[in-house]
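Down below are the structures I want you to see.
Presented sequentially are two complexes of chain A, the first with chain B as partner and the second with chain C.
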Partner chain A sequence: MIRAVGLATLLAAAPLAAAAHSLVVFASVDCDAVTVEAKFSNGKVAQKGEVRVLDGENSLLTTLQLESDGTVHIPLSSVDHSQGLVIEVDTGGHDNYWIVTPEDIARKCGS
Partner chain B sequence: MKRHIVFAALAGTVAVTPALAHYGMIIPNDPMISQEDGRSLSLTMSFSHPFEMDGMMLEKPEAFTVTHEGATTDLLGDLQDATVMDDQGYTLDFPLERPGTYIFAMEPKPYWEPAEDAFIIHYTKTYVTAYGDDEGWDTELGLKTEIVPLSKPFGLWEHNVFQGIVKMDGEPVPYAEVEVEFFNDGASATAPDELMITQTVKADADGVFTYAAPSDGWWGFAALNTADYTLPQDGEEKAVELGAVIWVHFEEWTGQ
Partner chain C sequence: MQRLFKRTVFTTLGLFLATVAVAQDRPKVVTVNYPLQYFAERLLGDAGDVEFPVPDDVDPSFWRPSIADISMIQSADLILLNGASFATWVDRVTLPRSRLVNTSAAIEDQFIVTESITHSHGDGGEHSHEGVASYLWLDPTLAIAQAEAIADAITARELASADDVAIRLEELRADLEAMDQTAQSAFSDTRDVALIATHPRYQYLARRYGLSITSLEWDAGAAPTPEQLAELSSIAERTGAQVLIWEAEPPATAIEALRGLGMESVIFPTLAHKPSAGTYLDTYQKAVSDLSQASLGANN
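Showing the complex of A and B:
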């Protein structure tokens, strides 16, 4: 479970979504990987952006780049996801985040 | 004596013509589900007089669906019996797997209303957005009759206007009458006159209507038209009132 302190810190640090069109970040999960999707609120995919993967205590685990289709895959075996993951996406002008909870992983993985 | 009779007759007339408007209702626990809210939502379905919090029998609907990203899924079998406003209603817990707008729609069975000598069918829908993604908020479902939103049907401040187009068989209904009623959950609102319980606005020549909600909360819009068909009741053909109902939540203004 993501620790409350870490989550609270993250929420406090999370900047307000930029006006006009915000960035929508979502991550789905299965037993193998987390699939991150980023698009703008006008429906266009974010073609470039930095993806920061943090653990449940807000420690940076890895940094990736969005693919041109606005997605990126993170193999679960490559990160310590025992306390959940925080996925931050920063396109330069916009940023947002999604929290993958341990329950999300368990629900999809049937464990 | 004569005056007494007149008064009694008047009272009788008033008593048999209550100003209660019927509404199909689909009310989610939250119209805007964020990731912090969890991964599902709860819906409560009823047929009622929402201002008076007076429930009526809602039989198992003819259809209950959700539409998301262009795909419509049948949820009729997932409805759970529930008592809503002291009468038969339904609840549903629905998992939200992806972001976007989810449109829940209910087609009830025809409701025979002896007082109106007509059947009532209210095609009812409510839009819910998940995880910060409002794509699909203006979706038209293609129901027999429906209100297609011109204002985003969530994320409205109190006092904002809500606009929609009244449609029947996919075509705008010029000058359609739209009844508006507040879901008086908690019964905090009182009406100084019966006329204030259900308000009425008319659409323009293009079927577009506008209403500004005076407070936060759930507001129901029901565009009522007579069907181009009848249904049998006690050996007679009876008129059918078709309602296009949409429920919209207005949020409390947080500024000074």
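Showing the complex of A and C:
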């Protein structure tokens, strides 16, 4: 629910902040995984796209593909998230990013 | 002698620990541009620290922070946003809502809607100037509204004494009103003078003082290409403009090239970053003086 509200807010703000057809990326965290969602600012789901996961030194940790619903799940156990994560999504014509800090992850894990 | 030594050591240690404790307790405010940093510093006085974390060589509108930057910002007691689509990074991170303040929320009805132009330059990659003009603080009356929002936020969160903040706000307001009066006077005879700017940054300045500014899309401080000079020449011929406004010091070759077109160059820093010398107030006033003099020269 919170994720949906966050993405809706971003989409509402996007026309003011960027080009008419920009990519909006949002990532939410729970204790197990980072869930990435990508949509265009016109509301359409980004059905294809490369998702790059980088660490605090901007080193590439892994590369994934968006699912057809515009999401991808990154299990925290699959990446070294101790320095936080930068999630980059590139659909070919458009790209954007979301930053997840170690504090974001710790907050969700109740520590 | 030994007693005196001990007393000196304990006193020094006590002072050190007190200083450390005070430093740890000091509120931290983070801003997305220099004008907000300047206003917050004036309003907080010695009661806290104000940080503007964007490197000097990066446009703060399109800065991409690191994870460490965001961790630092998330730990701030107050995060001051400009609003008006300035600082795109704020929509790409999680920020604590209770500590976020949009300093232009009360003046959104005064925003200027701009045309859509997507292009690419500098550190931030491809970006667009569509939406809303962002450089609110170039109109001192809007800057006053932003300063008032900051004062309210500081007081509401008890980051400084409310009485002290109120006094400092009145001083800051007086300075900004004087700055506005100076600009009103300086531009009183330049309303019919056509001007050209290298980048679309001066919408609020132009509206406040009735200036007629046509904007290009040149990189800040970079030498123009032959194509750009041809476009400038065409606009200058159409509008009659003889003055080009730069955001930053251009290369000497660019100034020479403009002289060849019969145009004078004026630097009007946008102040999104702290100027290398001086403050928001005196840099703005010098820029106003330089621009008005050049405009009057072109008018004669």
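Note that in this section the second predicted complex is superposed on the first by the 93 of 111 C-alpha atoms of A that agree within 3 Å, B and C clash if a C-alpha of one lies under 4 Å from a C-alpha of the other, contacts with A are read in each partner's own complex, and residues count from 1 in each chain.
Quick note on the criterion: contacts are C-beta pairs under 8 Å (C-beta built on N, C-alpha and C of every residue); 3 or more make two chains touch, one makes a residue touch a chain.
As the structure is a prediction and not an experimental result, all values here were calculated from the model.
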item	value
Partner chain in contact with A:Leu61 - chain B first, chain C second, else both or neither	neither
Partner chain in contact with A:Gly43 - chain B first, chain C second, else both or neither	first
Partner chain(s) touched by A:Asp104 [first = chain B, second = chain C, both, neither]	both
More chain A residues in contact - chain B or chain C	C
Contacts of A:Gln83 with chain B and chain C, given as first, second, both or neither	second
First (chain B), second (chain C), both or neither touched by A:Asn96	both
Overlap of chain C and chain B interfaces on chain A (superposed complexes)	17, 22, 96, 98-99, 104
Footprint of chain A on chain B - complex, ascending	35, 39, 97-99, 131-135
Touching residues on chain A, where the partner in the complex is chain B	17, 22, 24, 26, 28, 39, 41, 43, 96, 98-99, 104, 107
Sites on chain A touched by chain C in the complex	10, 13-20, 22, 25, 56, 58, 83-86, 96-104
Residues of chain C touching chain A in the complex	64-68, 70-71, 74-75, 85, 88, 91-94, 116, 118, 127-128, 130-132
